[in-house]
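By letter and in written order, the chains are A, B, C and D; residue numbering begins at 1 in each of them.
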Amino acid sequence: MLTRASVSFAGRRLLHLSMCVLAGSLVLCCQALCQSPPSDTPPFPATNLVAKDTPDDDGGSITLSWTLSADDSGGKNDVIGYEVRRSKDPNGPFETVKSVSKGTSGVTDESKVENDAGYYYQVVTKDVGSETPSTVFGPIQAGVQWFNLGRLNTLIVTLIYITLLLYFIVQAKKGAKLFIRRIAGLDALEEAVGRATEMGKPILYVPGISTISDVATIASLNILSGVARTVAEYDTRIIVPNYDPIVMTVAQEVVREGFLAAGKPEAYNEQDVFYVTSSQFPFVAAVDGIMVRERPATNLFIGMFFAESLILAETGASTGAIQIAGTDAVAQLPFFIAACDYTLIGEELYAASAYLSRAPLLLGSLKGQDWMKMFLIGCILIGLITLNAGYDGFKSLFDIPLTIFR
Amino acid sequence: MDSVPTKPRRSLVDRLKDIDRRVIFVFIAVAVIIPMVWPIGLSLKASPPSRALFREVESLPRGSVVLMAFDYDPATEIELGPMCLAFLKQCFRKGLKVVGLALWPQGAQLARASFSEAAKGYNVRYGVDYVNLGFKAGGIVVIDSLGKDFRESFPVDVDGRPLSDLPLMKKVKNFADIDFVMALSAGDPGLPFWIMIAQGRFGRKVGGGCTAVSAPMLYPYFPNQLVGLLGGMKGAAEYELLVGEKGPATRGMDAQSIAHAAIVFFIIIGNVFFFISKRKQKLMGARA
Amino acid sequence: MTLETFDTTFGLWIGALLTLCIFSFLYKDNPFYRFAEHLFVGVSAGYWLVYNYWNIVKPNLIDPLAARRWQYLLPLALGIFMLTRLCPKIGWLSRWPIAFMIGSGSGLMVITYLQSNFLEQIKSTLVPLDPSGQPWYVLANNLILLVGVVSGLVYFFFSKAHTGVTGGVARIGIVFLMVSFGASFGYTVMARISLLIGRLYFLLHKCAGFI
Amino acid sequence: MRRQVPLLICFVAGIVMLAQSFIPPLTWFYTNALAWARIIACIALFIGLISLVRLHTTKIKRKSANWQFSMITLCALGYMMLAGLLTRYGFFIWLHGKCVSGSTGDGFVTVLENAFNFQDIFLNVQIPIQATMFSLLAFYIASAAFRAFRARTLEATLLLIAATIVMLGRVPIGQMIPGISEITTWILDVPNTAAKRGIMIGVGLGMTSTALKIMLGIERTYLGMKD
């Protein structure tokens, strides 16, 4: 039973306790008042944290996503960012692998992620003075995918294209008759060479300002090979200034081969196919100089060009040369069209090799290209019909990366 | 005696139809140079982002401190330099204090040139009314450090003077002492970082200037995160109009206009003479 | 005058003189332009060599080899093969690195261009043509876009003569191409004039102190 | 060896490059092949250098037209290479160390250092010439417009009209014409986009077809051999 003494003791303790609480809260209040506003309550945590192996890669990466904290772009709106923490043990310790600014709700962790090791993740929401961790997600493993499903559509298109090309190439080999439409710029090539011969002036051939890895450069060198042969037959001089040393070596070989094919190997002068410099404007300055000093009767600008296209073509026009240009650089086409006599537009550049050589194999591939265009127009029509019927599944087949398997 | 075969005399029309291109070159050069030397100030209406920036700066009380970032290089100076001049003149006229710094290496020298040019005609002194803290590498990290203390990233100014020797820097410790941030940026690091840190984290008001190329990417920040934005030479010309200074951008825009008009004029001339000579040929053909 | 300001003023003057040398080409070829041109070619070729050595060859080849990362012997070997061009007898070896560059470049282009110039272009051409729920001009624009893309493609048909229906459609394609070329031309004028303004500003303001 | 090996290398490199797009564990080839190609290209610059020097020395030897200018090119080239090497090797720091600070020798080294300042040459020679060459486009775009934009045919007329409208629609003076900004935007967004897309698809097909033919060895002109 309780004695008076014990009661009074209990009462005193209670009083003591309540005073302590009061004092404590007073101190807290003071602290809160003295500290810079706003009063620092921890932010709401990020929720729905999900981590998964990054799809379609060769491992070493995990993708995370979460729902923003209620205080990010809403609530008190004082979140400054998130820290993504990782551990191999669900109980920690967690190490920070990435920090992102507010408003970010996903991240890819690629910092020394081992394949097939179980990881636990946590996202910590931070404001100026405090932080709140989310629940832990895991374990999750990074792994290697042996096939990139996101590019399945690219693979299918590639295979269709290869099949079409090979089919028509085989047909051409068997001797099927293949038609090719007129390309004015290419018809003019021989005339242009002839004109230079008549005038006793050289021909200038600029194979673009790109590297050998650029397919446009190779397309240009294909044309150069035909031009070199004609030039040799006509006994005309050809000047080929180069922007890239490797392109130069190939161009030398191609031109020499052309002279050889025309039966005039001795007429080939290696110093006419030379290197200038690998920067854009010095190259143009030098080629401009050649145009006004050597006065070539014909200028051919074929390959990849950039802003310098118009400087070349206008200087050439001022010397009265016949000019034929060809490029797949969409942005430069208007300038060549304006300043040159003929221009090979985009795909015509790539058709030139077949057009000039009339080699059946090459003509076959042109037919394959046309069928691919038909296929594309078909895709567009089907897509439009399905899309306007309210079904957008067909359109999503063309997503890059393809997401229907995710 | 047979007459010596002469070159058929070309009529005036034919000659005008194929004017020597050097005549066109001269006209283009003149069309650009004249408005640059004597600006006209062709009708230009300030767009909302430029006007908003102007009004915001006008509303700052005398003595407020503006932080200005020179995040560009000589290649983009023709677009961003004029904005900088117009803005600085507005600041000096209003009695605002300006602290300049650069996240791009060449920005520090451009800042020096801009300050000395803008200061002409105003009673402003280095160290009191404006300072140039120079360049610091690090991009976003540098901006972040300004939140704590300017001295962390910029212990000395561009000429190596300690900040404690500069009266203006005595009252500027960190972002809390900055009233407005103006970031002139030509790319990365640049305006997006200033928005992210200065506006996002420290709640400062941020305005900006950028190249014409990057303007479409930055416009969406206006008006929520960006108080105002000047895009390219056009934005700069608009600001000069607002500030009332016919500066380099107004000259530039005038030159643009006149040059475009000159080209269109030549196209028209070419076509007129082309048609006249075509009709003449037809007539002559009919007679023959 | 301190050395530094002397340097910058001197540099400015050199820059201004060279600028005038290049502009003189607009009148006609002359020794001043020839001087600037030859200087420019020499300086840029030298700069490019030095720059590439320090920024690519050294960090990406010499340093790794010095750290005994032997897989870098392969590019070194290919590079040396490339140099065999200089001695005609074994010059054919240079075809190996060239074949490697062309082959890998081609393989890469196939995927890149089928994705960006085929799949993505189909996708962006798939636009709603449903008349309900959108203003007429959106519909009209979408239709024009479609006609433009298809007729443009027909223009690039090579295995069919441009006569009859094909010819008609191809002609529409040409119309679109010409409008587009005109528009791109007009659009670029502003950027080009800006370059000239920049240059003249440099001459008139920075060098001559005009304006 | 001379014919078959390059074709084989080309085929294998192409196929592996194709495959790496679909098979993630092969992506190492992508990164490495690009790096190797860059290294090969840099080493090949030496061939370019030889070609350049040969061309200009021949001109000087033969005293062909403008041979004096070839000497400028060669001097500039040699100077840049020397300056690039000296600066980077810390040659001047070493030289400074050899001289007592403040002595005339030290001042001489400073002058030398300034004279061989690689970056300065780049800034004061290369940059202004480059910018000026680029700005020539302002003149050329005008002369090209004058010459090409004649209403000869329907196509030429369309080219001319589209160009004129867009040209005016972009500057204050043209924007005084009511509606021109809207038409400009429309031309750029609708017909322009459509035509560009047509060209791009064609380019994509032509380029990939050529690339495939190169890989398969059907197109082999680049090796200097034709069938």
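As a convention for this text, contacts are C-beta pairs under 8 Å (C-beta built on N, C-alpha and C of every residue); 3 or more make two chains touch, one makes a residue touch a chain.
If you're wondering where the values come from, they're calculated on a predicted model, not measured in any experiment.
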item: Remotest chain, chain A as reference, centres from CA atoms; value: B
item: Identifier of the chain whose CA centre is least distant from the whole-structure CA centre; value: C
item: Maximum inter-chain contact count - chain pair; value: C-D
item: Distance from the mean Cα position of chain B to that of chain A, given in whole angstrom; value: 31
item: Mean-CA-position distance for chain D and chain C (Å); value: 6
item: Whole-Å separation of chain centres (CA-atom averages), chain A against chain C; value: 15
item: Chain A and chain D, separation of their C-alpha mean positions in angstrom; value: 19
item: Chain A: positions in contact with at least two other chains; value: 151, 154, 158, 161, 211-213, 215, 218, 246, 249-250, 276-279, 281-282, 285, 293, 333, 335, 337-338, 345-348, 351, 366, 369, 373, 376
item: Multi-chain contact sites of chain B, meaning residues that touch two or more partners; value: 21, 25, 28, 32, 256, 259-260, 263
item: For chain D, residues that touch 2 or more chains besides their own; value: 18, 21, 37, 40-41, 44-49, 52, 66, 127, 129-130, 133-134, 136-139, 141, 143, 145, 147, 149, 159-160, 163-164, 167, 170-171, 196, 199-203, 205, 207-208, 210-212, 214, 222-223
item: Arrangement of touching chains [line / ring / star / complete / other]; value: complete
item: Chain B-touching residues of chain D, taken from the complex the two chains share; value: 127, 138-139, 141-143, 145-147, 149-152, 160, 163-164, 167-168, 170-174, 176
item: In the complex, chain B residues that touch chain A; value: 21, 196, 200-201
item: Touching residues (chain side chain B, partner chain C) in the complex; value: 22, 25, 28, 32-33, 36-37, 78-79, 233, 248, 251-252, 255-256, 259-260, 263
item: Contact footprint of chain A on chain D as seen in their complex; value: 18, 21-28, 37, 40-41, 44-49, 51-52, 54-55, 58, 65-66, 129-130, 133-134, 136-137, 140-141, 143-145, 147-149, 159, 196, 199-203, 205-214, 218-219, 221-227
item: Of chain D, residues touching chain C in the complex; value: 1-2, 5-7, 9-18, 21, 30, 33-50, 52, 66, 69-70, 72-81, 83-85, 88, 110, 114, 118, 120-139, 141, 145, 154-156, 158-167, 169-171, 186-205, 207-208, 210-212, 214-215, 222-223
